[in-house]
């Protein structure tokens, strides 16, 4: 079925394969009146662009985005915004190898199992380039959220066994791994050098903090804010786990330690005295920062020898060469942020109809 | 917005509050021709029924389900199946306390923030009794899955710090905690006794194994099978984390260890030689068992003294009395299984339109 | 697939068969804070209740509605509202006849073709009693619309060849056919007497006028307000046509006559000088009253002899006895109004996110 | 909200404005394995291309479609198919007039009312060029339907007061109005000449016949096949009415004449002896041809003088010059066919999960 559309009000539909003509996204339901130009979106795309450090693929892709519709005189019109990044390098190459066997850790086998065949060029639809569309849409969502007072801070929490121990927001963009801790970043780089030497790759953890979200966003039951965040994050290729607040740590805790007491602020507002919950209670935002983490698996494309099966059913040995990231965590940081932004904005838009008095006020009755 | 509906083809809508007239669910899109009676559903509901051990609330609730529509002469007709559990004990009680303040770890505050007021009786819509509807629907989904060769095994992986070290499927129903390891179960019970003595509660981890799922179920991009499982599981009240396969462990692993090689079975089928992925690749099932875990937070209702705020804005101390579970993990096991069953069945139904040749064959052209 | 859910934000799911345990509806997404009791809903249901005149079936059905959830202390809580009408008369009857053949003009054959069998008692799910759920939900939508300044006036425009020539809103409830023209109502009754004498039935046309809708409700492209009204109305059992404004008359008109010029009101507002469009332009309300009509086919259950086929494949003659309406138009008036109300309210709720400045104002940024 | 997406399984999302960079559509959920190239789609687009006769606009638009994704080695892969028609003539023109007032019969005013401003160039998103996306997608749906044995025949039933009296399928493409009656076509052309002389325009009626649809397609209650067709057709810009089978004629009929008796064919199949219903009963196809009609209003852009209002609130007189169609009916024929094809295909795909035995057979259990 159709699996390339995300969102209810702010709804995006992505398309495109790694080595097709381009990658794109249509954003339907973007409110009218937002100032928007290509640069707003390009800034996000550049954060996932390859070739920025020796820990990401050395392929050269400029990934320049173009707005095809939905913006007039510098502002969104309320009609669909079509964005495209045309692929520059589509030259015919020999994909005989990749077409003939199933790469471990990739979707080659499952695509064949589902559809009967696949576009094998560069991974086709399951390539990391698929995230261009959602990242571009996320840039727009994040711009709107900022105007609503909501900001997202996303960074690498750990690379393999190396975890950031301190948090300096200014440090995040100072190192190629987007870690908020310079010491850990240096250790992580050393770890990655060792992985590369062994023709191996590494996983890691991404953390996202959302500030400024008012209380009451999200819905009880099936459309819980945390449930929708979980889906959004797990829909990113290499993600294998999601946790909010204390997450799996809460499973080992006692209620007395895990509960967040309520208190009254100087401004007479209700607030929590701690944030083990990670900013949600009963599926709705509780006024504290929302904090969640995503577990990213190691890049499956490695140069080391692996056992697999050819399409003709023979057991073979392969080793994957080419320009692959030893770790995809740094490039996935902005993708995580984009998916969170899309989810939060949609929840805020849906929340506007929760109370009859707000609706009456909107229509001035 | 409407947050009480789940699923695309096999679609359920739940309703009801803890102390209202009843709790129910409407299942729309159930295929015609399934043999179905109340007992099929009751068997699932009984697994979450309170009062079954000293580690669950001692409230007496029979929770007898009634089929109101959609079944004729013992078979489903293809029209909506309406199920209801009427609440037996709705007698007026004094809810003055609970109405006047915000319980830590509960949704009292967020409900007020979103809707302006709340049905405070027994937690209203955010009570654990809300899960009756989804569990009843999950029983039907699981019955269909069984006819399609798909079975689910769900159990308690850990209680607080005590983790099952061995796996004996026959043991799961032999202990009140639904652990597959008798020794761990005994340790966990001792741990819970200590929690109860200290007026405290415990969290834990639930694991679910799905066998028999063919390869290719789920979709690339936003409707990945693992993404939908994550949403389904995080939509359960107390869940704070989800991981599939090696999950957060994969974030610390190397590609060479995390990749699952492919091999050829005696029957000439393609299979994986390990299952670090937990049964999905690129968002689609890969033919291996699907394995995921859910982190459950400790019961927030504890008898120990806690700090909170009254609705009138004063900081107060409370302690919650009454019949509360010291751990909700055992009762949540069947709820996790139900949500997984609903998600898998919907994915299998959606998968039927993936290939043109199958569609032509269906319509015999 | 699931076809019993309607709406995006204000979402309803109906269930129940003619002779099952009951008929019901779950309304999910109703805004919190609406004053609501059974009487609000019963008033609508009574308008479709049988036995009110000699032109409707003489069956006795009290159709008393019960609120099972979603209302606390007299106000909606924002959580699902479950409504039920329990069927009073479920006594086992001999349905041998109706089970064994396909009634012309009914859904007996198509249900069998789709699902393999059917609940044949009283028409099962395709009975007119199915409309109880949507009418009950429509009563709530209409109550909210009234608070937003939007009112609906629905009536019988014609019965067979007899068309209302004048419009007196006060007359609508003065005659059993709900016609706004006393003379035409008398003629229509005489016509129906003749139909009944000949063991025959009649069709008719229902018209609905919506006042007070602000301009800009509805969306361009696929979610046009008129498109959604058309679906809503055609989803009612016996409806065979829908037209808005001049409708099929516009197909014979010239642009110079069909275009509505714009003018400026005394209050300096933009208004149309005529209303051939029926209140929409480009799929969005234009500030004029929305006017549409529904064509209703004659009741298919007639006492005259008809040719049909038995399930065993023999050509047979039947004549349908029992208490059937010679015309269903009068009872369908409130159903049309209910479907329009549901559609309009949903469109108004969705419209709240059209502009960024309104969203910023809602969140007070 | 998002209103540019249509369909549940075979889901399309359109984008683009009349004078923007292009017009496009993303088709998500197209089954894998369909042979597809640009020519398949271009054939449909050419049927709505301007400049084909003196009764359509004389603008030159080649409207050449390009496939950007979703097709590999000549077959659909199951992933989103992105189609685009780049606008050739985007040169800056003086739109001062059209920007400054509200054209009668157009969506200028309602766009401003909803979004606060509009892309006024050539009608922006509400231009007839919006239908390029849906027509392109419909071409693919129709190609699949043909492989399932379902064909659509669509034509002009009437132009203004001139109605086709005979039906010769071979004649449809022999006259510029797509009428199945050569005599009526000649009369209609004479009528249009008179309209043009008077600087006026004409409406008309389009009819569509669907052959080969098996019984049981569509769903009871809200997702009736006729309800979804009605929405699909009313979502086309100038459509003001929809009727199926005898439609509004049924409202004047008696049950004895309107009911279609059942009979047994030579091949022992159940069939109807007449088709007043237009091919559906209870919202599901009944095995007869589906027949429906759409009422199209006269082109609103006329050269005759009209009264309207400027954006600054003054009452003014305008006359619209330029290359406008005196009648849009002939060009809308293929758009009606496209929307019907999309609706039918989606209903057929959804129908595959109606019965448990079919599902079990699909998964070979």
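Here the chain labels run A, B, C and D in written order, and each chain numbers its own residues starting at 1.
Note that in this section contacts are C-beta pairs under 8 Å (C-beta built on N, C-alpha and C of every residue); 3 or more make two chains touch, one makes a residue touch a chain.
Quick caveat: nothing in here was measured; it's all calculated off a predicted structure.
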item: Neighbouring chains shared between subunit A and subunit B, ordered by label; value: C, D
item: Chain separated most widely from subunit D, comparing mean CA positions; value: B
item: Inter-chain centre distance, subunit B versus subunit C - centres from mean C-alpha coordinates, in Å; value: 38
item: Distance from the mean Cα position of subunit D to that of subunit C, given in whole angstrom; value: 26
item: Where subunit B and subunit D are represented by their mean Cα positions, the distance between them in whole Å; value: 44
item: Shared-contact residues (touching 2 or more other chains) in subunit B; value: 1-5, 8-9, 14, 29, 32-33, 78-79, 114-116, 125, 214, 220, 350, 353-355, 357
item: Subunit A-touching residues of subunit D, taken from the complex the two chains share; value: 1-5, 7-11, 13-17, 20-22, 24, 26, 28-29, 32-33, 66, 68-70, 72, 75, 77-82, 84, 114-119, 121, 124-125
item: Complex contact set, residues of subunit C against subunit D; value: 1-6, 8, 14, 102, 104-107, 109-111, 113-116, 125-126, 130, 158, 160-161, 195, 198-205, 214-217, 219-224, 226-235, 237, 240-248, 250-256, 258-264, 268, 270, 273, 277-278, 280-287, 295-302, 304, 306-309, 313-315, 350-351, 353-355, 357
item: Subunit C contact footprint on subunit A (complex, rising order); value: 8-9, 29, 31-34, 76, 78-79, 144, 147-149, 214, 220, 348-350, 352-360, 362-363, 365
